[in-house]
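There's a structure below that I have some questions on.
Note that the chains are named A, B, C, D, E and F in the order they appear, and that numbering of residues resets to 1 at the start of each chain.
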Amino acid sequence: MKFISLGEIMGRLSTIDYEKILHSKRFDMNFGGAEANVSVTMANLGVEKSAFISALPDNDLGNSVIRYLKCNNVVTDHIVKTEGRLGLYFVETGFSQRNSTVIYDRKDSAIAKADPEIFNFEEIFKDYTWFHISGITPAVSDNALRLTKKAMEAAKKSGLKISLDLNYREKLWDFQKARDILSELAEYADMCIGIEPLNLPGADGTDIKNGLSRNNPSLEEMDRVFHEMEKKFGIKIIARTARKSISSNRNALKGFLYINGKTIETDWEEFDILDRVGGGDSFAAGLIYAVNHFEDPEQIIEFALSCSILKHTIRGDAGTFTHNEVEKYLKEGMDIKR
Amino acid sequence: MKFISLGEIMGRLSTIDYEKILHSKRFDMNFGGAEANVSVTMANLGVEKSAFISALPDNDLGNSVIRYLKCNNVVTDHIVKTEGRLGLYFVETGFSQRNSTVIYDRKDSAIAKADPEIFNFEEIFKDYTWFHISGITPAVSDNALRLTKKAMEAAKKSGLKISLDLNYREKLWDFQKARDILSELAEYADMCIGIEPLNLPGADGTDIKNGLSRNNPSLEEMDRVFHEMEKKFGIKIIARTARKSISSNRNALKGFLYINGKTIETDWEEFDILDRVGGGDSFAAGLIYAVNHFEDPEQIIEFALSCSILKHTIRGDAGTFTHNEVEKYLKEGMDIKR
Amino acid sequence: MKFISLGEIMGRLSTIDYEKILHSKRFDMNFGGAEANVSVTMANLGVEKSAFISALPDNDLGNSVIRYLKCNNVVTDHIVKTEGRLGLYFVETGFSQRNSTVIYDRKDSAIAKADPEIFNFEEIFKDYTWFHISGITPAVSDNALRLTKKAMEAAKKSGLKISLDLNYREKLWDFQKARDILSELAEYADMCIGIEPLNLPGADGTDIKNGLSRNNPSLEEMDRVFHEMEKKFGIKIIARTARKSISSNRNALKGFLYINGKTIETDWEEFDILDRVGGGDSFAAGLIYAVNHFEDPEQIIEFALSCSILKHTIRGDAGTFTHNEVEKYLKEGMDIKR
Amino acid sequence: MKFISLGEIMGRLSTIDYEKILHSKRFDMNFGGAEANVSVTMANLGVEKSAFISALPDNDLGNSVIRYLKCNNVVTDHIVKTEGRLGLYFVETGFSQRNSTVIYDRKDSAIAKADPEIFNFEEIFKDYTWFHISGITPAVSDNALRLTKKAMEAAKKSGLKISLDLNYREKLWDFQKARDILSELAEYADMCIGIEPLNLPGADGTDIKNGLSRNNPSLEEMDRVFHEMEKKFGIKIIARTARKSISSNRNALKGFLYINGKTIETDWEEFDILDRVGGGDSFAAGLIYAVNHFEDPEQIIEFALSCSILKHTIRGDAGTFTHNEVEKYLKEGMDIKR
Amino acid sequence: MKFISLGEIMGRLSTIDYEKILHSKRFDMNFGGAEANVSVTMANLGVEKSAFISALPDNDLGNSVIRYLKCNNVVTDHIVKTEGRLGLYFVETGFSQRNSTVIYDRKDSAIAKADPEIFNFEEIFKDYTWFHISGITPAVSDNALRLTKKAMEAAKKSGLKISLDLNYREKLWDFQKARDILSELAEYADMCIGIEPLNLPGADGTDIKNGLSRNNPSLEEMDRVFHEMEKKFGIKIIARTARKSISSNRNALKGFLYINGKTIETDWEEFDILDRVGGGDSFAAGLIYAVNHFEDPEQIIEFALSCSILKHTIRGDAGTFTHNEVEKYLKEGMDIKR
Amino acid sequence: MKFISLGEIMGRLSTIDYEKILHSKRFDMNFGGAEANVSVTMANLGVEKSAFISALPDNDLGNSVIRYLKCNNVVTDHIVKTEGRLGLYFVETGFSQRNSTVIYDRKDSAIAKADPEIFNFEEIFKDYTWFHISGITPAVSDNALRLTKKAMEAAKKSGLKISLDLNYREKLWDFQKARDILSELAEYADMCIGIEPLNLPGADGTDIKNGLSRNNPSLEEMDRVFHEMEKKFGIKIIARTARKSISSNRNALKGFLYINGKTIETDWEEFDILDRVGGGDSFAAGLIYAVNHFEDPEQIIEFALSCSILKHTIRGDAGTFTHNEVEKYLKEGMDIKR
């Protein structure tokens, strides 16, 4: 499996030891972005090749991002150095009843300002079998939207399988605009993670997803939505997680998977959170990986969910565990081996 | 609302990462004291003016305390630089079954040795509407007891509302002596936080609070005590919290509020603790703030309890959240917004 | 009580703040080993004298180990400086669903290579009343096995009471070999911690412990096994803990104690884990200490279990709490005293 | 003396312990900007009132800047919360032969985008006696240039003394453009720090400063330039430093001062550098402060130079020493007092 | 050689990385005091036995001091746990032109309040051959002065050699009072470090040391003073260092030694300073050690000076180098051995 | 230029902030080894391809080494995972007069135990043009000596240029044995760094290098030795540095280069040291790089010397500067650009 994704990778400046941004004099810097996280997680899981396409500023912040990707075995040959800045965001990790908060500072990043023509996708895609993108990238800028479309078209033409993680970000764009654009992009997808934002009008014209339970939908509800999604967009594999927030540091997740025309679900799994960022991206990576390595739907969704949960226990945006480590977690308990 | 309080502010030297004092080579230093914490929390909540009266040593430790208060928008104009030292205390934060422990080193502090005559309260109080003090300050030294009385008298005379947080510290004085003195001081109070130490003899001469359930009193019990307190001391608003210690890092709190002659209670709320110190002071601040901003008793006690719980999730002695942040916590869940 | 133990003490290099080894650029170094941990815990509990016998390299790593033992009041007079290296191991502390992992690097340590003749046990043991060793030491090397036998024989001859913590380490040796050797060594023991690896064949020739519930044995099962152990090896006091792994950071423990021919058990106690390493050694230390200070079996096993649980809340391999602190924990709750 | 300045204040993200940006996973955050640094240093030196005018984003980064200014006793009443971002820059502190490097990320900051009309300078300046601005602010954006002119005009009209620190930044604008604009602004100044960029054409039409020794000009050269500056712009007080870079961590400084129509110079003073940023701003602050507190030109320039040197020994952008501490440094040696 | 000293040991709270106290939120804690430092350095150099007599508070700060002394192989059997507090002092380490500063907070410490009768010196001194005390201890309190006299008398009576490090602290007492008391105590001394404060009146009644060059006295001057000291007090061995402060981080030292009626001096040696505290105490320890191990005066003073210089390169109050390491430094250069 | 080297890469555990190993509870871990450092420096300088051949343990320490190499753009395809351990060494960085010290713990590492047959050098070398090895590798073990010979023979046969950094380590082997073996290996070299250990007997049979000034040889001396080396071993390019140790933190270096039959030297350059380890390896890398990119001998040796000096100002074993950064250092001064 030769995997490639396209998107923005940002610098995350996180406060330390649950400090508030208001009081912080020191920040941890790490790098991440929805698609980059998937590429890094795929590379660590052990695919033959995992690449990431983006634009980065031509300075030591850009170089530092490249180093991060390289050490994770991600192919960086398709990253272009351009004018813009490195997008940043500040994260204050919540604790118990105190929420996490984010201050975005990502405008005018290299990828947001990049001319789509600097990437020769036909050439790039020759050596890959699977393309992944998220619904965040088209929201970044007009340029980035054009870039997304261009890439998806090219990937389709080059015969790659395409996965799309819908991933709505309310701070970036309007919900209805997001639904319109992502519905257009969903036509290219072979696999979809998440169900919003997409236009899925029912008989009465209102979206059938409106009013759907967000945190705890039933298997029946999900099955109906997934079937409609396949009917409307032709997507064969769809998955999502549902999340319960017990506190800022403790959540529960369950997974839903639609494949071969059938929907299955996992049990809820509860866990403590070391670093929540990238939990969804590791679910996406685990899913793509599992679909390419296993047949059994149960095994696929359990693997994907485990990738997400394990990511929550690792600092940084991406899952740096191997296929074997995920399997070991699925088979064995949680005690030290000596 | 123009708030002012009087008391001692100390240096807290805390071990790091749950280290024991016995093993610690490095300590975090922050500043706090019962009334200072209330002034800082009030300023962050957003009152028009919040001040703190105290005495501090004339060196860079004293200057550092001033900086701390100023950055929190607390008016420091009434702080006097004197001879004594900065009171200190060492804290070892407990973990799970291991208790927190405290070593006090607060004798002979600037405020403990301060001559009450250095403060011209009539002049100071001209510009304020609410005065707050705790039961710790009169316990600090004989000077401090005289200072407390002088301040409460002056506040009364100047027409300020007065709140008193009883706050018994067994390491500072004898319980019966505390009851006698605080019963005298309680006469000045318009609002009281806590119920001990106060003399509240029943028909048989023994204190009606003796034997009262400390960790889980019933609404009826509390109602009876609160009525007696109003009857004896003329205090119109009384509140307290009850606390369950699940472990050193996990507690539950509930609040009781007596207002307009009626007692109400909240549900128990359970939470993890990042820093327990100042949890009670943020309850006091939240209560004073809420009484001055809301009418509804339910809203008042929920706001005060939330201030206390949120304080437990922030390092440092005081609550550095705004009115809006507390409201947001009360209305929304605990998930990251992106 | 004059306590002495023999074994290896290693350098533990632990990742910080739940970091993975894969990402770690900084490691905490502390020192520990099964028997050294018991000696340190005994010294802190407050025995008259607590010593540790070992071999260490003649460099500043060896000197640093000596400093560690000395500051804990452990007698280091019987430690010999030799050629080998300081055994090391790397620990990645797990978090929630992510397991702890260990990389051993302990081959060819000073003690593993030490000639048993460098220790004059007859001379050493003159001043002690209790000797402790674990089942790890004979597994370290052939030299160490000879050393173990020599020490146990000498201790017996010198009239010391002997405790043996069986402590099977699957990374060090084969299970059946371990059973054979430890069954031989168990003959010397007056007290035994744990039940494996020992040969305890039943009527049908298979070991009666095969198939025994590991994490939650019944009192009846344990009683039967303990009686067989006394019958076969003549051991009068036997104890063990059972452990439930709720997550990498949260476990529950219960204790079993066989004494005076009867078996008792404690309730399960659940707790968060700050540092799991040495939890078993503090149980052993607590048990040896309690057997020498209390009569009541309930009090003995509760004390031992509390030592183990408190150790889990302290960073480092050993329990640095006093007799009084353990008693206080047993009597009082878990709230800060001010 | 009631001091006020106007400009941008940014977040500085510095690598730690001489780490390269390329390798850094953690950054120290502090706040600074040319004029803000002068206001902070003035407040610490002890002027009656020191204020800073700017625009800041309405989030916790902006709030954190306010806290920083407040704790330094800077009046923040004239700071407006607007839309833009907090300007940032990354600093890699050089070591010995390795240069310091800076990556700017300050575009589209709140102040760069602020509409000059949001500040009512006539109202603001009523309560101040001295206005300070640097040549960096007009270079930040077109808005900021308009803002600068508007402020200088208003300050003049309100009767404040005006100081201008020329402070050319080659990464922000073209040298000749800077000369043209700053020559225009210099007309308003009563005091000027530095000599470039200004148009100062000689008889032959070329600028008389072209070719002037930058690092080690003679007293005669400086005297001639200063006289020309007074002649052309009417500036009565002019000062500058010359700097020798022995290594990234060790520099030497000397000061030149033109006052009452005469130029004097100090000796070279050599020192190690803890944090170079803000060294020039503390010179400016020291100069403005000294001119308002001393008569003797020697005393003025020695005080200003000492402020600059002491700033180099303190982490952060501003000098947090008092008038007394500078005097003490000038009078006493450098040994610990016990 | 069996060495013992008496004095106060305090907690030193130092700012980190050249931070100012004014800005510090974190402090390093280590322990030291003039005589304790000598005992620790002697133990590390390798004397047969090194002990320290003092009083400490009965809490985990006092216990932590004991651990520090024990790990350095100092005998703590003669330390008494009493009521008082642990004396503290805050240190801000200077950098280049910025001075180090100290805030003392040592009043009412355990040793300052200790009743001299709690120490049975006759019993204690039985097992020692050399007693050391400094001129700081008698300045601590009236109790401590009585204690000093009692100890020196007892040491004399028990036949120990006595060394006295004069060590004037201007923050503790008046110079003339110090001269009077130390002149009295000097009568007991066999060895003296330093020359002030002592009464050494010349023919004209004024002290012959008045006006003596402090930082760079000539060999002749020193020789004259030393002879007078032997004449007046009968002290056979006298030594001192002279110090040049190049900057807060770079000093030069030279040593003077009077022995066998002759004075010699060393060259100036220049060095960078990692931690200046205890530099004089390591000189004292090196001198006492050398006088007991070498014959050659040159070797003695070079050894003592090297101990002092090496101490300046080690964090903490005491020299933790061995006899061999000092010798190696004296013989070899300063390059890494691989 | 396609560069490849072979050798051992170890984990370096360094104390922090000039702490002694004796006192260290925390260590920084980084990776390095003579040849690995050259490969990393070459990759950063910007050669087309830079690879490193070695054996590493199959655990997360080995994986972490791979990540380190990959992020530096070093090709790791030829690294084999085997049984042995990761060699380690502990470094205590000296300060001023206190020496750096090293404790090696490198026995039985993966590469020391690796069977030479696991590397197919003919295959590996097909894609490279230059092979580098140091005199440390043959000293590691008998296996490693066989491996070294096998690799050098294969490199010769495959037509690669070969550089040999003699690099004598006295802790690894005997000087005469080293001379014999390295004299044999030197026959393969096209370039040689250093002059010892090699057999270079003069007319009288004694080695002509015996007695040569080590720290400050004259140009004439060096010229004579270099000519003899070319005569005896046929090496065309020879270079070395001479080093003066002003203190542990301050050294001076000068370079000598023999090329085209002539010897040239640079001036002494003095600098502060942040991290000395790898200073020689960056000289080797700079030399190899320069010989392949420049013609002018002056430019070659200045470039190589600058690489070495800049390495001393960067933490870690290797030079992470680009060709451009070295050029910039050679052309410009050392002041911050803003």
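The rule is simple: a residue touches a chain if its C-beta (ideal position, glycine included) is under 8 Å from a C-beta of that chain, and two chains touch if they have at least 3 such contacts.
The UniProt protein names, listed by chain, are A, B, C, D, E, F = PfkB domain protein.
Bear in mind the structure is a predicted one, so any value in this text is a computation, not a measurement.
Looking at the partners of chain A (PfkB domain protein) and chain C (PfkB domain protein) together, the chains they share are B, F.
Of all residue numbers used at the contact between chain B (PfkB domain protein) and chain D (PfkB domain protein), over half are used by both chains, marking a mostly same-residue interface.
Chain D (PfkB domain protein) is reached from chain C (PfkB domain protein) by a rotation of 180°, derived from superposing Cα atoms (nearest 5). Taking the CA centroid of chain E (PfkB domain protein) as reference, the farthest chain centroid is that of A. Chain pair with the larger contact count among C-E and D-E is D-E, by C-beta pairs in contact. Centroids of chain D (PfkB domain protein) and chain F (PfkB domain protein) (each the mean of its C-alpha atoms) stand 46 Å apart. Remark: chain B (PfkB domain protein) and chain F (PfkB domain protein) have CA centroids separated by 64 Å (rounded to whole angstrom). Residue positions of chain B (PfkB domain protein) touching 2 or more other chains, listed in rising order: 20, 22-23, 25, 67, 101.
Going by the touch rule set out above, the chain pairs that meet are A-B, A-C, A-D, A-F, B-C, B-D, B-E, C-E, C-F, D-E, D-F, E-F. Considering their complex, residues 67-68, 70-73 of chain C (PfkB domain protein) touch chain E (PfkB domain protein).
Chain contact summary for the complex, chain C (PfkB domain protein) toward chain B (PfkB domain protein): residues 269, 271-274, 306, 309-310, 312-316, 320, 328-329, 332-338. Residues of chain D (PfkB domain protein) touching chain F (PfkB domain protein) in their complex: 17-20, 22-23, 94-102, 169-171, 243, 245, 247-249, 276.
The touching residues of chain F (PfkB domain protein), when paired with chain C (PfkB domain protein) in their complex, are 13, 16, 20-30, 59-61, 63-64, 67, 85-86, 88, 90, 92, 101, 103, 105, 107-108.
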